[in-house]
Structures are given as structure tokens and as C-alpha cells.
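Going in written order, the chains are labelled A, B, C and D, and every chain counts its residues from 1.
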Amino acid sequence: MLLKEGEIRIPSGCAISGFISRDGHKLNGSDVVKSISYMHDRSNGLGGGFAGYGIYPEYKDLYAFHVFYNSNTAREQTERFLDRHFDVVNLSRIPTKKIPAIINEPLIWRYFVNPLPTKIASSQLDEKEFVAQCVIRINNDIDGAYVFSSGKNMGVFKAVGFPEDVGEFYRLEEYEGYAWTAHGRYPTNTPGWWGGAHPFSLLDYTIVHNGEISSYDANRRFIEMFGYKCTLLTDTEVITYIFDYLNRKQNLSLEDIASVIAAPFWSEIDAMEKTDPEKAAKLKYFRNALSSLLITGPFSIILGYTGGLMALNDRLKLRSMVVAEKGDMVYIASEECAIRAICPDVDNIRSPRGGEPVIVNLSEEGKRKCL
Amino acid sequence: MKRVYVNEDWCLGCHLCEYYCAFANSGETDMAKAFKLDKAPVPRITVEEGDGINFAVQCRHCKDAPCVKGCITGALSINNGVIEIDGSRCVGCYTCVLSCPYGCIVIDEKNGGKTITKCELCTRNSAGEPACVANCPNRAIVFEERGED
Amino acid sequence: MPVNFFPAQFEVIRNTDKCIKCRACERQCSNEVHFYDADYDKMLTKDAQCVDCQRCVCICPTGALKIRPNENAFRESANYTQQIMIENYRQAGSGGVLLSSMGTPKDYPVYWDKILINASQVTNPSIDPLREPMETKVFLGKKPSTIKKNPDGSINTELPPHLELNIPIMFSAMSYGSISKNAHESLARAAAELGTYYNTGEGGLHKDFYQYGENTIVQVASGRFGVFKGYLEAGAAIEIKMGQGAKPGIGGHLPGAKIREDVSRTRMIPMGTDAISPAPHHDIYSIEDLRQLIFSLKEATEYKKPVIVKIAAVHNVAAIASGIARSGADIIAIDGFRGGTGAAPTRIRDNVGIPIELALAAVDQRLRDEGIRNEVSIVVGGSIRSSSDAVKAIALGADAIYIGTPALLALGCHLCRSCHSGKCNWGIATQRPDLVKRLNPEIGYQRLVNLVHAWDHEIKEMMGGMGINSIESLRGNRLMLRGIGLNQKELDILGIQHAGE
Amino acid sequence: MKYVIIGNSAAAIGTVQGIREYDKEGQIVIISDEKYSTYSRPLISYWLKGAVTEENMRYRDTDFYEKNDVDTLFDTKVIKINPDKKTITIENGNEVSYDKLMVATGSKPFVPPMEGLEKVEKKFTFMTFDSAKAVKEAIFEGAKVLIVGAGLIGLKAAEALEHYGADMTVVDLADRILPSILDTEASAIMQKHIESKGVKFILGTSVKKFSEKSAVLNNGETVDFDIVILAVGVRPNTELVSEAGGKVNRGIVTDNKQAVDGLKDVYSAGDCTESFDITSGQQKILALLPNAFMQGEVAGKNMAGKETYYLNAIPMNAIGFFGLHIITAGSYDGEAFVETDGKENYKKLVTKDNELKGFILMGDVKRAGIYTSLIKQHISIDECDFELLKNKPQMMAFTRERRNEKLAGGVGNGN
């Protein structure tokens, strides 16, 4: 019997795509579906998914939980947990469309919630940490329940299938957001579990990732010291937690995080000691204090977060990734075709160097509109 | 020019240099055979033994070589800095033995002392590099350039 | 008398067709096994004195010698082996404790040999270390739990004191006294050239080697030999030796014969007196006492040097390590029971302690479970025999490794396990000037450098195979390991899966 | 610059090498009264006994003159030096000009007047290749040979003639053999050794009168012979210099640059020339091949304009008779350390003023040069372990500093 994600480590190759309107224009979900579909051959039908940012403006101050349930028992158990810890403002099944390509779907529910202030207070955690721990508890402790999206004004949609089918299944053409990411999965040994599809998310961090990191267990065993539990045993999961830890908990900027997880080689740092000693000292510090968070092996990722996207390659650039611009739009994809498919006449296109982060944030105008 | 130098700190007095020297110049390909023929070949290097001190001595290849100057037959000559002996011309008068301040001219006892022999830095045998140096177990003898001609 | 007679352990076989009677064997044998008999015109041997150190075999220019075990057979059983019988005979004769040297020869499981390493195929490219950078630099010391920022928002890059290693391999503690000055010089110079560290052991630091201080770990052991402020300040780190893998729970004893002038001066004890290290530190009877010593040493060195606490791998090593991690130590060194020693009671060496593999796995996991793995770096030693052992140790969770025996092998040691006799024919475990000079540090240091470079090459090859291009991504990366022929309990302790899983 | 060298043996060759080290251009002319390319005089006895071929008599390879760009005038006798004109006159009356002149005329056998000697048909001296050839011509298996003179030349001749099964008698006025180089004890050992090879010695007497095939000695004995070898002594060839006004005592007198006293641009070297023996403090002729070569070399350098001094000359001999080797050096005036095994090994070390002044080694002569160096380099015996040196010559006897300098330092220092 094949073991599912969380029971065994499942590496995979993949396709990723994503784009953002810096000025906060509303972008229909169908574009991202079209983009990822052009990299059909980079998936094998065992997983596809999307993340959209700015898609729930009407509930933008509430946490939007997307949950898979294997059974109504699991749902009832989860809802009891939610009721104890959150003010559940709205709950519903996520609208889907029956199509032949997508089968065996679990129960898929959505909740807009607010954590109960009394519970936050008694936990002595800040709000985000409280929410994150609740998510981790549901996923670990309630059999058959899996929260796969938990941020505000954003949502993850994923399933077993080719990504274009998943997009159709979730009726993404009915959503509009300022940024989207997409993932087509090519796992080598999963039976196909919906929770194992990408993006992986925690709070508003989502990761789509193409690669197979060699440092996985070193990263996992380190990050687990800080309250994370890598239940899926996937790269995407551990990378998400690393971003969460460094960005949310340690307050490192995204640029600095790139210097941690795709650190420059010592030869570069040594050379920098003459030209920019302060920067060299910082990099040396990262490579010492946070050495266990260095990620080696091939990866190209798009991190989605409230207000922006970040793209990053491993330091040897062992996976393809290109970035293009057109007006206020920035596109990122594993292959150029995925960009040209939705924006044939880009202003410029380039292939960032290994370890060079591409960070795109909403402009002031975009922030006004969307945040 | 590369020369052989000794460092007595590291000489163990094992005498292997003597044996390897003799063998290298014996013309034999097997060491045991070389030493088991009627008469053992003669080493051109000598290990001196003292109280906790040992060192090997062999021809210093003097620039101003008294052995060459004193040689009555012209059997000793200097070629590219190496003092060579032409055994066919040596008559065993030992004037060189008398002259060498280092005691490095060796009487060839294998032929009953009819000629002398001496270190030629293994330039005229098949060892390629000085066999004493190559086989010193403790690098007490080195063959190197120390900035002299 | 017959009851007190032991057959020679070894037999010296001389091929007289090859022997040219050069007498090199005779000159080189400190055990006086070989001698020339003028009447016979032959080399003869006293087999009973042979310890099988192979010096004569290695030095014989014609390859005329070999040493083999004496075939004389006692009526042994699987239970009462010849070895056990001889040991009992010896004790019946001497009434004393049996002494041994180097690591245990007993057939305990070597877990390194039951662990296999992963390599990339297809889904993840292996990396060619000849084409791509392959990094092995490691820092040892406490990591900050939170990243602090300066008032201007920049990162505060100050760190507690660290050791910086170009290669995650250090030379483990071997005292001057137990090994020779030339051996120490070889280690010191090699460490300096390699950009790593050697360890003084408990015998103090010879004045000639203060120049290598940047690459020296100075040890403070229960005997406190040679310890003074200048010594503590001379090194890059200070190691408190609580225990040694080969002899957990007991101290040390360097016979007076080895305390010659220089050793005496370095150890700060009178010439010819036995140097006795007590079993415990008599100022450390508990973990809080250890904490006091750690901070005393830090005070003495103005908090500029990391402090290492070295312990033997014993049954509850994980809990002990946890205590040490919380006691202010920067680095924990764990020494496995198969590790070497210059002298140890045989029964202790062969029966006390646990294998380093299990100890390391348990300690690393325990510190992670407690969330304090960042408080300390872990260095392991005690029979890491090759680069693959090193890779496995790092993947199990070690930050760096200590090598002792392989370093000695590089210097010529043939593991005859007779260090305690003080007559080491290879010039390593001896203070006899004529023997000491057999180890030319010029050769010794070069061979150490070669050895570590060779290991480093191999480590990089294996890392590249795994698709890892920096050693920190290997550290604790147990997914890269699989067990072979191990039971579930062993796999659980090692935290690895079985091959095929 | 034109260099003229009179003579063609070791001193002359040394002169050529000395000149050519500093002057590759100047003309060199060698004039010799012998007809041979340079050959080694000491080899004549080896040639005679068949140990050396005529080809191997050469002192230098045959292309020596060509390589060193030397013009030769063989079989030509110089009869006069004309210092004012800076020419020499050769026997046909021609003059050869020189800028620098080397007189390396060597020595000749000294044959004292002896009654009846003219009656002896087969009488020979033994100093030149021609003389050796003449002996070879005359010798036959079992010939009775009378050798007059028990010095180096006479005994070397005896050794050679032993190969012809000659029945030899050696007569010398001195009461022991080799008196110039050996002490009494060593003489006795060597005499016994030579006697064991069948040579008879009659010492302390001389030939009173020769008749055709026998000689009557002053002690009354009569010695029959087929051949007589006359090896009483040698005389330096100094006439050219003395006639030209140069200073001559027993030999030609030079300064330590080998320039002849009283003659500008004339130098002298070899057996015709005196040296200053540092061990005895005396001017004397050191008729030794190494000495001749080195004097010549020093002279050559000075002739070519490179100021060089010949210092540290000492008497020294390496020689063997019938397989028993002797190495001696220096003088024997001083405190002696003697060691003998009662057989043929004999060692004598002589010290004076805290220095080794001389030694005699017989039998075991290994590494004797270390002793020689002590004498030449004036190494105080306080600076070395003389007890070790008494045992055998060894570098171990020197201080570590000196050993380091010699063995671990730079180029070997021949002096």
C-alpha cells in the first residue's frame, strides 16, 4: 500500500507560476489556470493547486480556513474545536464543479473566523501564533481533518489532478485577487492525497515549490525545535515553516531570509569582506547562527504573503525560473511559456541568479486598494 | 644545484641508506641477490654513530674538490657539478681518500680495494634520484636546492 | 616455572633467502626481538618480546620479515578463549589490574558499518565537487535563540565565542606525555595548516607550541596538569575533560618513567613522579559544580573562549548532555567506548560505556526534543575511522568530529596496543629520545594534512552524491541514512529507517 | 695575452685549468721535452705491471688541449729564459715570446757517481714513461734485479717487477725503507710485508763497485743482477730559472701566488718548486702530484689576473706496496698517539700546539682525509672530540655546528 504524505517523505518535481499586480488590480483566477496549463508536462496529474491573495475582500479581517474532511465525524469534531477557540462568522462548503478529471474529493469546507480574545489571552500567545497553533492542532490531532488554508483575505485551492482541472473544479474564474500562484505537481510516489497537493500554507504564507531539497531532514529537525510539526514530510511544508519562523517570529526581512536559506558561498562572503565588511559580517552571522536553515538541493519557490510575492532559486540554480514584467504586472514561472501564454508581450524577462531573491510588493496604491 | 643534505635530528641510525645505496649501485635488480653474491656491494654513504646521534655522510660534491685536483690518473672529474669516478681509470692509489675532508671516498672492498668508489648522486645508475634519500624512512637525508651552485 | 610461562603471542617469520643481515630490524626494535648472532652469521629472534608493531616489517629493505599470530593453541572454548585464559594466568602471577592501550579489540557492533548513505538519482541532481563549490566550514559554539537587532534596525551580528573549522574534523585530546613532542608538533602544525584544531589533552601545553594557540584546544582535566592562566589564554577553546570513552569513570595514570624533563615542566609536576588524574574532578561532584567550573574558566578568559565539556558515552548520556547544555557549556564532546587510550584497565576499556553512534543519536534527539540543540554544538569521537563514519556522524547530528586513532595511524601507529609500555617503535607513545626522533614532524604533519584532505575529498564526494553542497545541510539530516541489519529498537534510537523503507 | 708553459705534467695541466677558469681567450702554449700528451707519471709502475693500459696513462682526456684551446710543442727542449725580452729560447734556437711564463719543469733522477756503473749495460732510472718502457724492454721472467734506493720510486718499481717474477734485492744507505714518509715502526711493518713477497733488503749500506753483472756492497756482500734500477733520489730542474736570475734554493722559490722571486711574469709550480710546509714551518719541495696540480692551478689563476694564494701546503702521500696501503701527511714532530694491531694495521697521530700536525695510517686507511682536513684547516683538537678521532676518522668528532656547516649547510668546502 502506498503511504501518503506525512507517512513517508515524498519528493517531487513540479511546475510553478505566479503573478501580481503591483497596483492592486483585480486579476481573475482563470489567468493563473491558463498559465499553469501551459506547463502540463511538468505535472503528472497527482496534484495541482492555487493560492489567491485579495480574494475575500468582504471578510478581509477574518481568518479564512479551508478544510478537507474525510468524514462528517471529522467535520463535527473540528467544528466543535473551532467553536471553542474562534468566533465563526461564516461557514460553507467551498463551491466546486463536478468534472470527470477530479474524483474522490473529500468534504471541502470554508470558515471565516475570529480567534476568541479570552482564549488568546489565556494562551499567552500573540494572535497569529495562536491561530497557527490551532491549525497545527487540528491537523495533528483530528483524524480526517486537514486545514489547508488559514490566512486572511487569501485562499488556497488544491486537489489531486492536473492543475488546470483543479482550477476548473474550484471554479477559480469566480475569484479575483491582486496576486495568484499556481502549482502543478510531479510527485514520484504519492498515491495522491489532496492535502499533499500544493501550495502549502500557514496563515497567509503560501509556498509553491519546484524541486527536491537535499537538506530536508536537517531543516525539518531544526525547525521542529520551534513548535512546528512537519506532518506532511514535504519540502513545501518545511520551507513554509522556515519562512514563517524567520519572517514572522524572528522578524527577518525577506531579503535576509534569502541570505539564510540560499546563503552565498563562503568564497563570495570572503571576497565581500574587503568591499562590504558589514554585509560580510551579517552573512557570516547567518551562516553560523542559522546554518541549519540553509536549504541545499534544487528548488525554485514562489512565496505568497499578504501584499506580495517572492521568488527564489537555490544557490546553484538547479531549477529553472524566469521573471517578467509588464506595466505593474510581475510574472514568475518555471518556464517562459507559462508567462507568454497570458502576457505575450512582456516588457522584459530574465532568469534570476541562484540565491537572488525577487521580491514584489504592492505599491502604495495597491496597498490602499487591497489591504 | 640540488644536493644531498643531512639533518641529524632525524637520522635514526638504521643504516638503510647504506644498503639502498649499495644496492642501487650494484647493477642488480633484486636487493637480496645483490647482497648474497660472493661479495656484498659497497655503500657510498656512511652512517656515523654516536651517543644518541647519528647521521649519514656522503660526497658533498665540492666545487673546489681536492679529490679531483689530487687524482693522479684523472679518473675523478666534475660533470654538471657531480663528482664522478671513472672506475676503469682508477688504480686505487687512494690519494683522494687522503684528500677528502669528509671521508667520503669509499674504498671498493668488493674488488679488494683495487679502486675507489663514491657517491655520484645516483646519476649514473637506474635509481633516478639518490637512493639514500628516496629510502630514508625519516627524511633525515634530503635532496634539494638550497641556493648554492 | 611452567605455570608462569606464556607462549609468545606472535611469531617472527624471517625469510633467510631474503634477509641480507643489514640489522635494520635489530636497530629499530625497542623490544629487542631481533639480534645478530656472529657465530651463526644469522639474525635470530626472541618472539616472546614481539608486540606486532610491524616496525621491522616496514623497515626491512628486502621484505624478509612477517609477523603472524603464534599458532600455539590452548584448549580453548567459545566461552573460555585463549585470551581469557592468559589474562587469568597473568593476574594469578601478578595480582594486578590488566592494562591495555588503544580502542577495545572486542567484537562489539560497529553501527557505522550498519548504516548506509543516500545518493541522488534523477529527481535531484548530484553535485560534482570538482565543478561546484562544496563547503565544509563549520562553527562550533552557542547559537542565539533570537536574532537581535541594533537600534538602527540592522542585525546585531555579535555571537558568543565560536570555533571556526574549515573542515569538520579535529584531532582529539592526546596529552604530551602520553604521546611524544614530535607527535604533538605534527598535530599542531597539521591543525594550523588545515584550519582546524588539535587538543592538548590533559598534559599541558609545551612552550614550543604556544605559537599554534589559534588552532589549539587546551584541556582541563581532573589532574589539572599544566593548567594556569597563560595556558587557558593560549588556546582557542578550553575543554573540560569529564570522561574518556575508553575508560569512563576512571582517571588516568602516566608512569613516572614518562615524566622526563620537558614533560615535567609542561605538566608542572616533579620529574619522575607518576601523573595521576583522579577519577572525578574533586571540585565537580554534581552538574551545578560543573557550571561553576565552566564559568570560572570563562571568567578567567574574559568570555572570549568557548568551553567544551567532554564526556564519555555512558548509559544515560542524553540526560547528562542535556544537563551540560543547560550549564553554560558551548560545546559538548562525546567520546564513544570504542575510542582509544594510551593506557586503560582492560576490563574497563572492554566493558564500560556505549557506542558513540547510539550516544550521538540519543543526545542530538534529546537536545532537539528539549529545544536546546542550539545551546551547544556536538562533537563526537571514539572510533570514527573513516570519512564515511564522519559523514554518518554528521548526518546523525554531530557538528564536528574528533579523530584520534586515525591521526595516530597517519603518524605511523600500527595499533599494536602497547602504548602503555612506553616503547613505541613508531615514536608516538613514548618519551625515549631515540624513539621519539623516529617521528619527524615534517613528515608527520604532512601525513596528517594528507589524511584529513583525503577525508575531506571523500566527504565532499558523498555530500555531492546526496545533492548537498554545504556541510550544515548534512548535519542531523538523518533522512540521508538507512540502517542495514538493525532491529527496530536500534533504528528507533538512531532515528533512521531501514534500507528499503 | 699569451701564456707559455714549460712542462706538460700535473703542474702544467693545473696551470691550464687555472688560466682557463678566468681567461677563455688568451693563447696558451705548452712546451714539453717529452713526446707524449700529458700522462700521469705515478702511473708508470702500474703500466709496467700491466694494471694500466698505455691509453689509460693519460692524465687528461685526449681532447684536453683542444677543449682548452692549448697549442702544444712536444719533444721540444727549452734552453733559456730571456726575462728582459720576455721570450724563451728553444733548442733549435728559435725564441717564443710570452706575456706570462710557467716553469713546470719537474725533476730528474739523481744518480750519484758510482764506481763501475758505466760497465752495467741494463741500468735504468724510473721516472718517465720512456724509462718505464726501457725497463719493460729489458725485463724477463726470473730476472735478477738490483734496486738501489728503498724510497717510493724504488719500491714502486719493485712492486711492478714482481709481476715478472723478478728476483729483487733492494739496497739503501738508510737503515730503513721509506724514511721520508714513514717512522721506524711503520717502515719495519712495510719492510716485512714487502719481504713476504720475496723482495730482499740490504740496508745501511751502499754499492761500492759495480761490475757488469754484479755489485759489491760496502758491507762486503755481493749482489748479482741482470738489471739495475737506480732510484737513489731526484733533483729539481731549476737551471732555467737560476740562469735567468730567479731565486733558487733547493727548488725554485716563489711567493704564495707561485710567482718566481726575482723574475717578473714568471711563475713556477710542481716538483721543481718549493712550498711552505705549514706543519714544519719550512720551505721544502713537496714532490707530490696533488701539490703540483694545485700550485699550477693557483699560478694559472694569478697569471690570468685572478689573485689567488696557495696556502696550507703539507707533505702527504697515499701509496701502496704489494696491497698494503699507506696514507701519511704532515710532520711527525710532536706528541704521538700510536695504535697497532701487531699485524699490518698501524696508526700514528702526531699533535703539537693543540693541533694535529701529522699522521701515518697503514692498512686501514679509510676516511683518512678527515685527519688531513684537521691539519690543513688548523682545527684545534680542543674543538673536537679527539678521543673519537683516535678511534677512527669521523665527522662525529666535530662540533654539531661544524657538522651542520659541513653536512647540512652549503657546497662542500674542499679546503
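Operating definition for what follows: a contact is a pair of C-beta atoms (placed from the backbone, for glycine too) under 8 Å apart; a residue touches a chain by one contact, two chains touch by 3 or more.
None of the values given here were measured: they were computed from a predicted structure.
Peer 1: Work out per-chain C-alpha centres and flag the one nearest the whole-protein C-alpha centre.
Peer 2: C
Peer 1: So the centre of each chain is just the mean of its C-alpha atoms; given that, what is the distance between chain A and chain C in Å?
Peer 2: That pair's centroid distance is 47 Å.
Peer 1: Counting in whole Å, what is the centre-to-centre distance of chain A and chain D, each centre being its mean C-alpha position?
Peer 2: 104
Peer 1: Which whole number of Å gives the spacing of the CA centres of chain C and chain D?
Peer 2: Here chain C and chain D have centroids separated by 70 Å.
Peer 1: Using Cα averages as centroids, what's the distance between chain A and chain B in whole Å?
Peer 2: About 78 Å, centre to centre.
Peer 1: What chain pairs are in touch here?
Peer 2: So the chains that touch one another pair up as A-C, B-C, B-D.
Peer 1: Across the complex, what residues on chain A touch chain C?
Peer 2: Residues 9, 11-13, 188, 211-219, 221-222, 224-226, 250-252, 256, 263, 265-267, 278, 281-282, 284-285, 287-292, 294-298, 315-316, 318 of chain A touch chain C in their complex.
Peer 1: Would you tell me which residues of chain B are touching chain D in their complex?
Peer 2: 3, 5-8, 46, 48-50, 53, 55, 57, 59-67, 69-70, 72-74, 88-89, 91-105, 107, 113, 146, 148-149
Peer 1: Hey, which residues of chain B end up touching chain C in the complex?
Peer 2: Residues 9-10, 12-16, 18-20, 23, 31-32, 35-36, 40, 52, 135, 137-140 of chain B touch chain C in their complex.
Peer 1: Going by the contact rule set out above, which residues of chain C touch chain B in the complex?
Peer 2: By the definition above, chain C touches chain B via 17-24, 27-28, 58-59, 61-62, 64, 433-434, 437-438, 440, 442-443.
Peer 1: Taking the touch rule as given, give the residues of chain D at its contact with chain B in the complex, in rising order.
Peer 2: 10, 14, 40, 42-43, 46, 51-52, 56, 58-61, 289-290, 293-294, 297, 316-320, 323, 325, 327, 329, 365-370, 372-373, 376-377, 388, 393-396, 400, 403, 406-415
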